[in-house]
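Following this line, the structures themselves.
Both of the next two complexes hold chain A, though its partner changes from chain B to chain C.
Right, the complex of A and B next:
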């Protein structure tokens, strides 16, 4: 099966004396939801910029659906990838929510007769259609991020990268965005590859696969349960487990492997019988 | 001496057709040398409240007493300079406000503005950077070359360098990784040790439980509770649900255990407490 993203022997350095990525390799399958996790400054956002061709690698290759990233292919590749950034206030251009979604479509020279339908469709997916005539700056953080997601979805990308898209939200907004991602997953299945960059482990737990990056090195790669069972390595790279994992590690009598909240309560319940 | 809000009302655009009441009859105390946490949903008035502490906003009616400074609707801009020297505010995502060519110049900006000589401002900046844990080899770098966590610290040093006696922080830990958050809480406790009065807004109840001496809860522009975290977080679950507020994660977990028939003798407010209660043995209903 074609890989959505294939990174081979990637090299990148901020300045001449310091390598961030040195022979970094990562394959992301089509239709996978991958959480890229790491502490602040671990290189995870830089990786997203490299994939989009916003910055250039000093060595190695990045392919997106078998297209090798180069100055010739970069625009074609960017058309396949939608990106949602951290700050919801930095990504609005339109006077209304609908205008904002239209902006990307105009850039793609979509016929104006087609637009209302595409805008409606995209806003419906993120459950924001009732807000289409509102001013974006009047929305809550979680709503803004869902509109940003709709703007991306309207362009029908095959890959969506969310770079710490919930970091600036309050708990309610974060829940809202995570629920939207879960529903995207159900709606699009294998037709959409999702990459969430985060250090929030509850968010990472939603993904099919968790990849942990520390100082440009891939140190763990597996299902959430596999990765969260490696508590020492996560701690050493400045990360925590989801709450249930942190709790389990402090119990005298504790499960052998990582259990999520529901599983841990069930386990405690069986134990007390 | 403390910060005291007396019957404060605040209306945006007062006297215009677009006027919007934001704060209603606020009476609240923030004791000197203590850490006060402010919690509440987005839009409950938290940010509006803290902007009254250094006069960025003035009460429409009522007054705010900050030590011997009295802030009312009639306070003149000129008088506010002495208040702003006393009260430093670190806004949300302060790294967005960095602007100078080097870290040290950025941190010196505040002290210079308050009239320090260049030499004195440099010393103040160096002390603030050292205290906040920004290593010396970064001082002459551009602040834009730093990582997110480092930028946050430089921005905070910029406020500390003017040596304010009150420090107000709007969601200081938002967006930081677990290590960054732990360092930030340690810093808040250190500020208290230095004798500073600290006021911070947070959505993370774990942080509130860990460092706050008292908590102010806001809802629709009103104060609905002002008490110690231990008292507050032992209120009925329904009270939190009505206000759409979270319990600390340990309390939430205990409530879920309860729903599954596993009863703990009391509500734990942090992970260690929850673990030790479970270790002693939960009672099955």
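Right, the complex of A and C next:
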């Protein structure tokens, strides 16, 4: 099976004397949901910009579905990848929700008569069709990010990258976006590769695979259970555990390994037996 | 920042909302151009009746239009006072040194005020019923012929529509920065003019830094969504004239004919 994203010996530096990435390797399978986690400045957002060709690597290769990223392929690659950014206000181009979803379609030179149907379809997936004619700045944070997702979905990408898309939201907005992601997963299954860049561990816990990056190094890679069981390594890279893990570690008599919320509830109720 | 009404769009379903933005722009220009020829109370009255009629048709409360007038209240007042004090003629009602209030002065002052108010009302009808992107589209379409002489019309229109979209955001941001600084003891409204001017600097710097950051983010967001240049794109909103637009053009022509009719009857 072809890899959705394959990163080989990637090198990148902001200034000449210090490399942020030095021989970085990462493969992402088609249809996987991968959470890239790391504290601020760990290089996780830079990685997303490198994959999309928004900044150029100083060495190594990035390929997307076997297409090696280069100035010639960059537009073709961008057609496969959609990205939602951190600040919901800074990614709207259109004056209304519908106009914004249309922006990507206009760039793709979709015929005008096709657009209303595609816009309606994309907004329905994220359950924002009722807000079609609203102005983006009148929406809540969670709604804005769902519109941003719809704008991306309208282009039918094979990969969606969410770069800290919930970081600026309130807890309700965050829940809303996470629920939308889970529903996307159910809807598209293996046809959609999801990459969520985050430092929110509860968000990371939803993924199939968690990759921890620290100072441009891949330090942990595995299922949420495997990664969150490495408590000391996580803490050393300035990260916390998901809520269930934090709670478990505070218990006097705590479980051996990481349990998610449902497992922890089970474990706790088994104690009382 | 809700008190600034210039350029604000209020969604609606009225006949005027549904007109092609080009119709509204051309209509507004024709109206303003013709209205500047008004020189007696009959022509001003006809111009005013026409605007009030249009306002009725937009289905928006008159208060919104009144709010649109407020920001330029001082400008109107200033012009009116100048007209009042410096128009020569007789009979003189009051004078002090070089200043005198004359009857033609009073009449002129009223005319100038009405002219101002009508121009603002008419342009408010345009902006209130037309989304900024439609205005940008209309400008792009109307300036279309300039493409032949290599004017980057499509780029300019896109820049304009993005700029318009960021106006409310930057206003909110200004308010936030002001509040943040006020909470730390900064005062924007006390002291002499120099102290006040200085108080603006710590407001402008974070505003500019923030605006540049937004611009960079937006550029990334646009590129990721496949933006290459403003030319190789299709359009979601296609402009086309329909029956209502022809009726609107007819209405404007009707206004112009009656207007000059009145002028001829009242002897210019």
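Just so it is clear, the second predicted complex is superposed on the first by the 273 of 273 C-alpha atoms of A that agree within 3 Å, B and C clash if a C-alpha of one lies under 4 Å from a C-alpha of the other, contacts with A are read in each partner's own complex, and residues count from 1 in each chain.
Keep in mind that, in the parts below, contacts are C-beta pairs under 8 Å (C-beta built on N, C-alpha and C of every residue); 3 or more make two chains touch, one makes a residue touch a chain.
Note that the structure is predicted; figures quoted are calculated from it, not measured.
Chemist: Looking at the combined model built on chain A, do chain B and chain C fit side by side or clash?
Modeler: Chain B/chain C on chain A - steric clash.
Chemist: For A:83, select first, second, both or neither according to whether it touches chain B, chain C, the two together, or no partner.
Modeler: second
Chemist: Go through the superposed model and pick first if A:151 touches only chain B, second if only chain C, both, or neither.
Modeler: second
Chemist: In the superposed arrangement, which partner chain does A:239 touch: chain B (first), chain C (second), both, or neither?
Modeler: first
Chemist: Once chain A of both complexes is superposed, is A:250 in touch with chain B (first), chain C (second), both, or neither?
Modeler: Touch partner of A:250: chain B, not chain C.
Chemist: Looking at the overlay, what does A:75 touch: chain B (first), chain C (second), both, or neither?
Modeler: second
Chemist: Would you sort A:217 into first (chain B), second (chain C), both or neither based on which partner it touches?
Modeler: A:217 contacts neither chain B nor chain C.
Chemist: When the two structures are overlaid on chain A, which partner does A:96 contact: first (chain B), second (chain C), both, or neither?
Modeler: second
Chemist: For the superposed three-chain model, which listed region of chain C (150-158, 186-194 or 258-266) is the one that clashes with chain B?
Modeler: Once both complexes are placed on chain A, chain C clashes with chain B in 186-194.
Chemist: Kindly list the residues of chain A that each of chain B and chain C touches, one partner per complex.
Modeler: 87
Chemist: Looking at the complex, which residues from chain A come into contact with chain C?
Modeler: Residue list for chain A touching chain C: 49, 52, 54, 75, 78-79, 81-83, 85, 87, 89-96, 98-99, 102-112, 115, 119, 133, 135, 137, 151-152, 155.
Chemist: Taking the complex as given, what residues does chain C use to touch chain A?
Modeler: My answer: residues 9, 11, 131-133, 161-162, 164-165, 168-169, 172, 213-214, 217-218, 220-228, 232-238.
Chemist: Within the complex, which stretch of chain A touches chain B?
Modeler: Residue positions touching the partner: 14, 39-41, 86-87, 140-141, 164, 167-168, 170-173, 199, 238-240, 243-244, 246-247, 250-253, 261, 265-266, 268-269, 272-273.
Chemist: Considering the complex alone, what residue numbers of chain B touch chain A?
Modeler: 41-43, 92-93, 145, 147-150, 174-180, 203, 244, 246, 249-250, 253, 256-257, 260-262, 271-272, 274-275, 278-279, 281-284
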